[in-house]
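Common to both upcoming complexes is chain A, partnered first by chain B, then by chain C.
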Partner chain A sequence: MMKIAKYVAYDIIRNRFVLLYTLFLLIVTVSMYSLDSDAGKSTLSLLNIILLVVPLVSVIFTTMHFFNSYEFIELLLSQPVNREKVFISEFLSVALALSLAFIIGVALPTVLLANNAAAVYLIFSGVLLTFVFVSLASLASVLTRDKAKGIGIALLFWIYFTLIYDGLILYVIYSFSDYPLEKVTLLLSSLNPVDLARIVILLKLDISALMGYTGAFYQNFFGSSTGAIYAFLLLLAWIIIPLWVALRKFIRKDI
Partner chain B sequence: MITISNLNKQFGKLRVLNSISVQFNSGISYAVIGPNGSGKTTMIKCILGMVVPDRGEIKVGGESIAQNSGYRKKIGYMPQIGRYPEQMKIGQVFDMIRDLRHDEKNLDEDLIREFKLDKLKDKRMHTLSGGTRQKVSASLAFLFNPPILILDEPTAGLDPVSVEILKTKIHSEKNRNKLFLITSHIMSDLDELASHLVYLEEGKILFNDTIDLLKEETGERKLGRAVATIMQRNLKAETL
Partner chain C sequence: MKITTAACLLFITFLSQAKTWIVDQRKNITSIQKAIALASSGDTIRVMPGLYREGNLIVKKTLALMGVDYPVLDGENKYEIFTVTGKNILISGFKLINTGRGSLEDISGISAVQTKGLIVRNNKFENTFFGIHLANSSKSLIENNTLRANAEAEYQIGNGIHAWKCDSLNIRGNDIAGHRDGIYFEFVTHSHIEKNFSHGNMRYGLHFMFSHHDAYVANTFHNNGAGVAVMYTQDVNMIANRFEDNWGSSSFGLLLKDIRDSRIEGNLFAKNTVSIFMDGSSRCHFEKNVFRENGWAVKIQANCDENIFKANSFLSNTFDMATNGSLVLNKVDYNYWDNYQGYDLNKDGIGDLPFHPVSLYSMVVEKMPSSIVLWRSFLVYLLDRSEKVVPSITPESLKDSHPVMKNYDYHF
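Our next item is the complex of A and B:
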């Protein structure tokens, strides 16, 4: 399996997309930290950009790469190589390449320029989010044969989790504002990997007071080590479940 | 060597393979022909495990191919349109496949030599012409000395010299008790390369015997004319 991953990774590295992505992240991160002397504020601004860009780039690059590798996959499957290995190698190579870009582009300058707890969480969540969206996009890629459709489905995941879902939560909170909703919002946020990452980082930035009573509740929950483990396990589930479904589909797929 | 029993495959509403049962034996080369869309490539892809059949079983060398990948060591496959990772060089493609199957030592590099691919080894795949890609595909198919060779339109896109090189190679391998499955629309090539004929139409096998018998039956000397005769006969039978 490592051999296949090696060749996929080689193909990705030759593609300039990941390099451009790394440069983009690097420029954004460095400029964010040089704009404001308060590292906390910079981390917050950076957070907002990263929560949009990382999932978007992950879904687009993964689907594009999957459909562009169709020939490669076809070639491998005519050899004595089993499908699980091919699929997992594709997933790992893409996820690791994008994570590496994130680590070089965001983690390195962040560690050098702002060494606070929130930054560590930001790095950690960024990598996990990359894996989550690569996993979701892998699922989108095996659901259809058509490249445009595949990218469409993947973008739908992105729009849903970064834009629509928050709207839905707001709507629920607004409609049921007469009831105590802390636990419900906690549950609802758990169903969205982006929200999960956002909350964990925001709490580390000590601005949870701005979020009122819910913020205090979250602080209480996520501030404890159980809360952090809970968030981590959920993000892990967000990686494994879509990937597992995608793998099942891929094994039965006609190439 | 390959036993297919009751194979069915449907793409949406289109029934591509309709209860196909056939056996291919070692040492014989089979021409698989039929009109466009008759299920030739689908049948081949089922044997390779690329297309998963709805029903039916395929056995290669006695073992079922379902959820199995090791059996593909026995098969060399030359696809109709060989497409490769665009950024890779010819040499890298060969190195990669060799690397993936590093435990196999009995390599056959005749075609790489005869097609002079080692001189092109630093060319990237996206710069190659269709014919050169076919040469790469052919060389890869023969590389591991497999007992079964499946060639999908092997001569399409090759220049006359290369066609002859490939044909000579097929002839010499045939004498080494290998099983060939060849599809082509060029009847004269098949006449030269194959001794048996499997005729597919609308997902069914309508003829499966020696080419000599077909010629005898239709009273034609050339395979092309003989096939045309049975195709027309089928057409008539349908309209009646």
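Our next item is the complex of A and C:
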């Protein structure tokens, strides 16, 4: 398995797309931190990029890569290798390559230029989000044979988690605004990996505004070790569950 | 000439008449009670170090009571320590501990009733119910005292410095912590509160009710239960104070309720959930203040009118302003907003486009507090953007027509 993963990863890293992605992140991060003297504000601007761009790139690159290397996968499967191993190594190599790009592009300059707690959370969430969306995109790519359809489904995942889901939460809050909604919104928003990452970082950045009742409630929860473990486990679940479903599909799939 | 000489002579004879009594547990006058009884008006009583358990000390003469090296006066959790009434009394250099507590009576470290020219200076208060309680007094100076209490709930404790129906007080350089209100004013006029440090009090750092023509200058209010409240008052000057770290949903840096004709100038508001909350206030001037890293810099209810916000700096606040209606009768002009995104083509230092400090989402959060959870999501960004292009919900008239491009250089 490691051998396949190594070759695929090597292939990806040579790919211009990942290089460009790294360069893009690097330029954005460095310019953000050098533009504004207030490191907190730059971290905020970066937050928007990470919540939007990282999932988008992960989703598109994973599906593109999967469909482009379809023939290679077919070739591999004609050999006496386990389907499970092929699929997992594909997933791991893509996720690791993109995470590496993220670490070089965002984490390194952030650590060098801004050393606040929010930045550390930002880096962690960025890597985890990369894994989550690579996993979701892997699911999208085994769901269909058609490349366009696969990318379409993957993009749908992206739009759903970054935009539509928040709209639904806002609708719920609006419709039930007469009721105490703290626990419900906490639960609902934590079920979305993008929201979860955002809230965890927000608790470090906009702390004064959040210290109203709602914010204090969140702070209590996510500030405790139970909350941190809960958040981490949920993100882990968002990586493992789609991947597991995709794996089931892939094993049974007629290639 | 003759008259002056005569006056001088009279003064000298008066001085020579004034005696100094020394209270020392190892000498003949061992109790303060006794010294007070022996002394006549104009005398000085010096109290040597030691622990004095003498219950309630009542002072009705013009006396100067001075502690040497902080003699400890213990109220044994039963008594009020000093009860003072009269003219020109001085109390300084004592350590007052363990007064009684009461739910009907305001038992205090020093209680002054109908005094004039009282001076309370350099005392330490520990575990007192009320620290200094002034009623119906005037022209008094409360200076450089340290007050500490450690109650766990509001009902267990009184105020640090409590003034009721007083005039011309001067409260300066005190350090107050752990009380219900740090400083409490009710019906107090023409008074001056300066350079005090009020922190970690259960309710307000400073509480003002019906107290006209007062000023508080260069005080620091830090981490109090609900910040500073100024209510039902007119003509108050609040200048160069620091309001910091007041966190909580009903916690404010500065709460203005029914305030008229006041000035709020050169203050620093940092890291408060809401740094100024205004309700029913009119004709107040906010100038040269700095709002930094607050949740809401200013929450102004629609029932406020003719207030002027000018030349303030708004830096790194989550929301710059919030309001609860579309009617705006206040003026906002020439402020610096770090969220301003306009341009300045003619380079006169003033942005060419007006700035709208109220964002759509701040109105949404005002109505539904739990929606703060979506703050900084892409959806909210889109909502705010579209509202900026075509304002329909946010009050169009609440705007800064002359946003300054460069931050004012205010130092704290």
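The criterion applied here is as follows: the second predicted complex is superposed on the first by the 250 of 255 C-alpha atoms of A that agree within 3 Å, B and C clash if a C-alpha of one lies under 4 Å from a C-alpha of the other, contacts with A are read in each partner's own complex, and residues count from 1 in each chain.
FYI, a residue touches a chain if its C-beta (ideal position, glycine included) is under 8 Å from a C-beta of that chain, and two chains touch if they have at least 3 such contacts.
All of these numbers come straight from a predicted model, not from anything done at the bench.
Look at A:218: by the touch rule set out above, it reaches chain C but stays clear of chain B.
Contacts of A:185 after superposition: chain C is touched, whereas chain B is not reached.
Measured by the number of chain A residues touched, the leading partner among chain B and chain C is C.
Of the two partner chains placed by superposition, only chain B is touched by A:82; chain C is not.
Once the two complexes are overlaid on the shared chain, A:41 sits against chain C while remaining clear of chain B.
Of the two partner chains placed around the shared chain by superposition, chain C is the only one that A:162 touches, whereas chain B remains out of contact. With both structures placed on the common chain, the touch criterion links A:171 to neither chain B nor chain C. Applying the stated contact rule after C-alpha superposition, one finds that A:244 touches neither chain B nor chain C. Across the interface of their complex, chain A is touched by residues 11, 45, 48-52, 69-73, 75, 77, 79, 82-88, 93, 96-97, 99-101 of chain B. Of all the residues in chain A, the ones that touch chain C in their complex are 38, 40-41, 44, 47-48, 51-52, 162-163, 166-167, 169-170, 173-174, 177, 181-182, 185-186, 189, 194-195, 198-199, 202, 206-216, 218. Chain A makes touch with chain B in their complex at residues 3-4, 7, 11, 14-15, 68-72, 74-83, 252-255.
For chain C in complex with chain A, the touching residues are 247-249, 251, 271-273, 293-296, 316, 318-319, 338, 367-382.
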